[in-house]
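A, B, C and D are the chain letters, set down in written order, and residue numbers restart from 1 in every chain.
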Amino acid sequence: MKIFSTRFHVRSYECDSYGHVNNAVYLNYLEYARMRALQENGFTLDTMKEKQYLIVIRRIEIDYKHPLFMGEEVLVKTFTSSSRKTSGTFTQQIFRAGDEKLCAEAKVTWVFTNLKGKPVPIPEEIQTAFVIG
Amino acid sequence: MKIFSTRFHVRSYECDSYGHVNNAVYLNYLEYARMRALQENGFTLDTMKEKQYLIVIRRIEIDYKHPLFMGEEVLVKTFTSSSRKTSGTFTQQIFRAGDEKLCAEAKVTWVFTNLKGKPVPIPEEIQTAFVIG
Amino acid sequence: MKIFSTRFHVRSYECDSYGHVNNAVYLNYLEYARMRALQENGFTLDTMKEKQYLIVIRRIEIDYKHPLFMGEEVLVKTFTSSSRKTSGTFTQQIFRAGDEKLCAEAKVTWVFTNLKGKPVPIPEEIQTAFVIG
Amino acid sequence: MKIFSTRFHVRSYECDSYGHVNNAVYLNYLEYARMRALQENGFTLDTMKEKQYLIVIRRIEIDYKHPLFMGEEVLVKTFTSSSRKTSGTFTQQIFRAGDEKLCAEAKVTWVFTNLKGKPVPIPEEIQTAFVIG
């Protein structure tokens, strides 16, 4: 099973009055990393809309371990930690890229649905990329 | 012609490392105030999608005059300052509500379009609310 | 122990391409509700900086149960569900205000620290408001 | 005088219910590009705080010319278009990177101030990078 890596820099407007990245922004980072992982595997939101399915987030658990600061480079690692017929869980780790200091760790539980929100089996074409074999 | 007033509080995550509201957030405030003005006049995004038109922003000019801080109450005044067949300009003023200190002033130029982006005449039902008579 | 209630409307820019409130924005709502609760009890960020302590979020668990849409009124309820000498957990529930439909539920674990990040006992003056007696 | 180029991808949460990048997010992009330009020239927010000055935005004019969509690569070009003793104007252009389609153009007027907001002469060490000779 693959680990997807995504890198970018902390932006000034993502930081709060202590100069730290705001807690909610970590969820932006996680979403961005998941989208990049999907895109690298040929799945854009357009593809998904066209095929009439979407990935709905059901639950997020996140542990904040170390603050991130403006201008620092961030590394997000994303991998599937469990999967079932219609749903699964990503583990996502947010590192300060310079020294791979772990800054946050999250478990993100999702379900594949049709456009009406009904769970559907994970499409075959993305099973190889996203599902534990 | 009517002036629409909208009130809310500065949120912590909208402030940057100086404790000021971030410059881009002022555009969020302006959009929120315009949406509330539309909603109060019976125009939701759903209505607009249903009727197949949308309001596209073409240009924004904003002068930042005084910073806003966390927890302060904000008052936004929105009114039409000019209008033509398919387009118009809102003037929007952002005040610190407590003493009506003017913190920013903006001119927002918009055009009515169909879903393909072609300009269309401003719908009659919103002319009374949005257009200078 | 008190339950703090906070009300506001979903803003257009908080919604994603499905018209739903974005997952990360729920954390903005939770932070805003906590800040309002603090403010109503006389604790602003300034007070806290002055007194040299801050509240650091260690962990968030959030279950997304039902989507929120543009323009809907939101009600957030915040209460302390457990507390210890230097730390505690808030339970926060996000409702669609109209019919009190539960849209998300979160547990937010925090610790009181000094400005260097060292945990310190919860100040007496906020124990009555925040701590389970 | 130098042109600073910055590249990145549109993130999913930056898009609104039409799938376009939200108008306010363009100001985030402009700020990010300015910060990268400053950083590449050795000026971080920390340096600036240490040296007791800051760059305050006084006015932004932005023309929205073409929408940006999720996943597209963005190119921002930043250059000084005028400068005086304590203030200046950046011109910033936002392109879809693939074909250098111009999507937005902005003029950003700023002033150098001390931490109390009083205008001060532009520091010598950044004149070469930021000022028209």
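The criterion applied here is as follows: a contact is a pair of C-beta atoms (placed from the backbone, for glycine too) under 8 Å apart; a residue touches a chain by one contact, two chains touch by 3 or more.
The structure presented is a predicted model; accordingly, all values stated were derived computationally and were not measured.
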item: Comparison of A-D and C-D (more C-beta pairs in contact); value: A-D
item: Most widely separated chain from chain A, with each centre as the mean of CA atoms; value: B
item: Gap in Å, rounded to a whole number, between the CA centres of chain D and chain B; value: 23
item: Between chain C and chain D, centroid-to-centroid distance (C-alpha), Å; value: 33
item: Rounded Å distance between chain A and chain D, as computed from the means of their C-alpha atoms; value: 28
item: Where chain C touches two or more other chains at once, by residue number; value: 12-13, 17-19, 22, 24, 28, 31, 45, 70
item: Residue numbers on chain D that touch chain C, as the complex places them; value: 12-13, 15-19, 22, 24, 70
item: Residues of chain B defined as touching chain D within the complex; value: 17-18, 22-25, 27-28, 31, 45, 54, 56-64
item: Residues of chain A defined as touching chain D within the complex; value: 8-9, 11-13, 19, 28, 31-32, 35-36, 39, 44-45, 70-71
